[in-house]
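What follows are several structures.
Consider the two complexes below, in which subunit A is the common component and subunit B and subunit C are the respective partners.
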Partner chain A sequence: MDKQEKRKRLAKKIQLNLAMTVGEIFDPIDEDTTRPKKMAYFDRIFKTFTQGGEGAVNRKKTQKLIGTYCLFVPEEIIYAAGGQPVRLCAGAYESVEVGEEFLPDSACPMVKSEVGFTTLPVLSFYQQCDLVAIPASCDWKAKMAEIIHDYVPVVMLDMPKVKEGEASRAFWLSEVKRFTKEVEKVTGMRVTRSRLRGAIQMIQKAQVQFRRFHEIRKAEPPVIHGRDALEVLNAYFYDHVESWTAAMATLNDELEERVNNRESVAKPMATRLLITGSPMVFPNWKIPTVIEELGGVMVADEFCTSNRYLHDKVAVDEGLLSDMLHAIADRYLLPSCCPIFSTTIDRRDRLLQLIKDYRAEGVIYHILKGCHPYDVETRIIEKLLQDNGVPMLKIETDYSPQDVEQLRTRIEAFMETLKGQRHKEKS
Partner chain B sequence: MSYYAGIDIGSATTKVALLFEEKIVGHKVAPSGVHCEETARKVLAELCQDLDLEQSVITNITATGYGRRMVKFANSTISEISANVQGAIWYGSQSGQAIRTIINIGGQDSKVIALDDQGVTKNFAMNDKCAAGTGRFLETLCRIMEINITELGVLALQSTVPIRINSTCAVFAESEVVSLLARGKKKADIIAGAHHGIAKRLGRMTKRVGLEDTVFFDGGPALNIGLRKALEDELITDIYVPPEVPQVTTAVGAALIAREQKLFGRHVEEVA
Partner chain C sequence: MKVYRLRIAVQAISFIILIYGGLFYIDMGNRMPTFSCAYVDDRGGGCFLIGFQHMLSRPFGEFLGDAGIRLLKAMGIFALWSIVLNKAWCGWICPFGFLQDMLSKIRSFFDVDLSRFGWITRTRYKSVKYIFLVLLILIPLGIANSFFGLEKIPRDWSVPFCQICPARVILPVFNGDFSQIHIDFSSNTTMVLTTIVMVLVALFFTTAFVKRRFFCSYCPMLALLSLFDKIGLLSLKKNGQRCTRCGNCSRACPMEIREIEEEKVLTNLVTQDCTLCLRCVEVCPEDKALETRFCGIPIFTASQQGFLKRQGLDEESHTNKNGA
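Right after this comes the complex of A and B.
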């Protein structure tokens, strides 16, 4: 058997395993009658993963596909240049072993999974990208371009690590401008003032539904599972922004009705947890699934793949092209809570605000093995939460399903501790 | 020129192979039952009768398998690992293939043997006391599904996306499979999922001892085309299953060892 044939059969194996994982996740979900009906729209996107992700990405055939990583690549620019963005951050255990051929053991499972999908044809949209934009956010991302450039065309965006100071802003703006030129080259369409304004407005409409969704999630009792909240934002990775906005609007309508009818997804007095740390991407839903199987509710998260995704808006003062680019560059840099930056100030503020707004009783701090930026912030966040009287459980794990039972024990014990606290406070 | 017999007493079935020099003249498989020496004696007698041979023409008998020490009428015994290796190499040479990896699934155990380029055992792995992912597990599966064991493979091939079965334990799988059936899942998807689970388990074992082509797959479950395909998918390689009866390879190996011992007086040692 030659090398090419081996790769083909490996791809088939990974594809089959991924399909089985999708089935394992959605089988019980499909049988859950308490779930909001409008989630079906989002489910469909992930179910395409059983067939090579064909149809997951919502784009016209003529549209160029621009792959993005992290939360720093301005989608406004991609849409304005006539392209369709697809966020490629990956959460599949299946492709990790493929990525391991290219990376050291110490690399995080996310980058392994991403490199796996890029180098082996399992999900078609990874290979279909006309350009892949990678911000040099963490060390793994910084080296990624060199690893995958034989497979897809790549552009790296350099990131300032110290947000404060004019030099950082100016530097990042120059990177955003360079990215604009690269995208224009690929799509063959200029980013004009009116197109960019249109794109900004289009995304702002999505942000309206995003914020509405998160307002609804504050309701007591909770009307949607935290896992489903991860799912709807994860769907944004692949969907066209306008289709997503429309689907979100109907979901929000349904959820508001549930609020009015006091239709809860959890038992009364369910433990309210907030989750933060390394992002969780489908199908890596093991922790939210365990929490909710144990009767707890993940009321909020602080992930760049979810709650942070569409939170910050582009603030345009003047409608000139250069002003808009300025505003876009600022939106992706300044409010970012990503731990790659030198200070945790923004993340600390946002966490405390979320805990307060969503009345979280405890925090789960999720670290993917090899995710050094989040790991290094653990102590600071732990101290912050301690000072504010919020219990925290640190979980370091990867994409492997093997530790689920250990995680279940730890999360259950944590939830019991929180319940004990609640009784103590009452008496 | 003489006849040699190999007797392989497994937990589920007893296999007897009869050789004339290095040529197989016959083999027979029967359930081991409670008294394995009795069974071995009976199966050997029946085989001779089928072949119209006097039992006295057999010059040397070697017993192998977990009940080998119970067969008092055998001239020698050998571990099933060594017998399996000899059998696999013989079948490989018949079809012009150099066997480097042997995967064997039996009634209550499974093993992977790695051979070097001289056909000498380099390394091997066996499952522990537990019968997870063995023939016993497949039998349990059939009982729950109310199907015949020969239908397993064909049914498994009808599945497009197998259902993940987390446990290949013969005991726990029962409750898992029953609940899947109760939820209206397709038999084909459950069976394919079970095969996948076994393949994964064997895949890990194979990785431990090291995988090299050609891979030889024997034991009763090797008759199951669905399991073979699942293993091929998992190991990403083609697998060779001996054409006639993959259950008797170890008995053939034992008969070859009986011949070697008789002719060359080689001391037959227990390997495992």
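Right after this comes the complex of A and C.
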């Protein structure tokens, strides 16, 4: 009884801290008048975090809630089975200490935060999940199911690490089929040909808005901040795909108007930065906020929570159920630039293309402490960028707000060198 | 117009011209790099292979004279046809390919899953068409000449490929000619060859039903056409930098060509088995990752917008009006 009381109190404390963090983030944002008005829809979702996340997930009462991690769990299948997916990747510093009870120190803050939210009732949708699908992507995720299976029903999806092979593709397809069966069991609804086709189209429509949004972000001067771009994609974690698509369409309309009126969110000649590495999830927005405060602009990112999330498309060829499942399996595995895979070819090409498309002057490589896959790839990416004459700043940090001032100094210095380089190129 | 619909239309028109063209006094010559079978009475043009085999079955000495010139002329015409349209002869014109595509359509209508080769089988299978090609050259030569003092091959073996080609049996049926469906008991050779062709006809229907373009993977015409892969005026180009290797192209490819997805460096993607059906370009969601060119001019380019349109999403209201 005493122990339960303690946990309740801890939950209450974390809830309050989280509410404070959310407030700290949104107070200056709400005062910002240059921000697109239509962002309010997305802000609402995150503001619910102050009240235990009730209402963050957009679903009907009868709909089953399927929690997902990483970007390997096929959402098309969940929608086709009548469920509502919610991506549970977490970025809150507050719940990290709870997760530390279950995980070693060397674990990344993301997995600690996720375990924290699952084991302690702070955000309601973490406990409400009828099934949580965890891909065995990195080592932390591989072990996660066993850690949290007392709290929520879990299904593990095994991931091949060498995606080029024939066997790994067939294996992943079989995992996707197994996942389909598991979801069907939970929702009690069969994934049929027409339902799956409908779900694929629903997500394709969201992808239309997603790609349109990224097309707009290429505009000069920039009409939206990188942090806001992270936010809209972060909102996709919780929202129903159709309402998200509708909200995105109105936001895109507003942004296009801004492009026409040449309304900028940054000063002219602001430093254009691209950010890559470990994903940043709300409320871990300290780096984008610092960049913005320093007068720079994060023109693009290469995160699995943002730019990579909805980029790749399922191509329906013959329209048979098996063909569509095959297409879905391929879409989630093959084009993924996640560093858990053996090669960096796709990520390298994608980065260079992004730098070119968004005319980024420098790259910030963000590593969460304990995120080994991204850490391993640093050298390769550093060399690639060096060869292409793009300066890179490596930042290793966690969710704690303590190092913000130190980060500010480093990022400022980096932006100064970029400016110096720009002058040199001009003269 | 969507490209796959256009392709079906072109295939249907070519089918009509090649099978019934004779009725409208159409004659496109007998050197066509496609299976417009010479056994079809009302054909609008003839397959190159039958004439090629006939011309080869002469003593070597004759090739130095008139026969050699005729052979060169025939090969020249064949080369010209091939260079202009490249493999589009297979993907867009061949009546036999059209039949296979129709069988695939019937299969997907009845919800039957398609089967695929394993990767190793697929690679091994590539060489089968060359075996056919070598035999269809050597056997006719062996009829008129003796190799290494061996006996000449009997006359029954003339035009050996046509004797075992399932198109010879199937295509005349569309002309109302069922006479090719028989087993010829006139000699042992013809009996064996006509039995083989009957087996191949049965296999053609069963395999084409479960697997897309099965016959094409061992078609010797494809082997001959692939001589012009790199110099054909119609070409398929890839920009490896823009490719995310999402695998849509290789999954949709009826010939199961993996290079189209894996290749990051080479730009010319008309590979040995490619039939230039352009299905890969249709399902590619990346702007300008794949491109078809004619004489270097882009005629069909992969794009996000086009991809979505072909996937059945009408996106006129969502298009980017500002071009930002």
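Assume the second predicted complex is superposed on the first by the 426 of 427 C-alpha atoms of A that agree within 3 Å, B and C clash if a C-alpha of one lies under 4 Å from a C-alpha of the other, contacts with A are read in each partner's own complex, and residues count from 1 in each chain.
We adopt the following convention: contacts are C-beta pairs under 8 Å (C-beta built on N, C-alpha and C of every residue); 3 or more make two chains touch, one makes a residue touch a chain.
Quick caveat, the model's predicted, so the values are computed rather than measured.
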Give one word, clash or fit, describing how subunit B and subunit C relate on subunit A after superposing. fit
In the superposed arrangement, which partner chain does A:327 touch: subunit B (first), subunit C (second), both, or neither? second
Given the touch rule stated above, what does A:249 touch, subunit B (first), subunit C (second), both, or neither? second
Which angle, to the nearest 10 degrees, do you get at the Cα centre of subunit A between the Cα centres of subunit B and subunit C? 170
With the two structures laid over each other on chain A, which partner does A:318 touch: subunit B (first), subunit C (second), both, or neither? second
Does the superposition put A:349 against subunit B (first), subunit C (second), both, or neither? second
By the touch definition at the top of the document, which applies to A:216: first (subunit B), second (subunit C), both, or neither? second
Based on the superposed arrangement, let me know which partner A:16 touches: subunit B (first), subunit C (second), both, or neither? first
Check the residue A:306 against both partner chains and state whether it touches subunit B (first), subunit C (second), both, or neither. neither
Touched subunit A residues, subunit B compared with subunit C: C
Once the shared chain is lined up, is A:278 touching subunit B (first), subunit C (second), both, or neither of them? neither
Give one of first, second, both or neither to describe whether A:50 is in contact with subunit B, with subunit C, with both, or with none. first
Nearest Cα pair across subunit B and subunit C, whole Å: 37
Which residues of subunit A touch subunit B in the complex? 1, 6, 9-10, 12-13, 16, 19-21, 23-24, 27, 31, 50
Mind pulling up the subunit A residues that touch subunit C in the complex? 164, 166, 193, 201, 204-205, 208-209, 211-212, 215-216, 218-219, 249, 256, 259-260, 311-313, 315-323, 326-327, 330-331, 334-335, 345-346, 349-350, 352-353
Which of the residues in subunit B end up touching subunit A in this complex? 161-164, 183, 185, 193, 196, 213, 233-234, 236-238
Provide the residue numbers of subunit C that touch subunit A in the complex, in ascending order. 108, 111, 113-114, 118-119, 240-248, 251-252, 261-262, 264, 279, 283, 285, 304, 307-308, 311-313, 315, 318, 320-322, 324
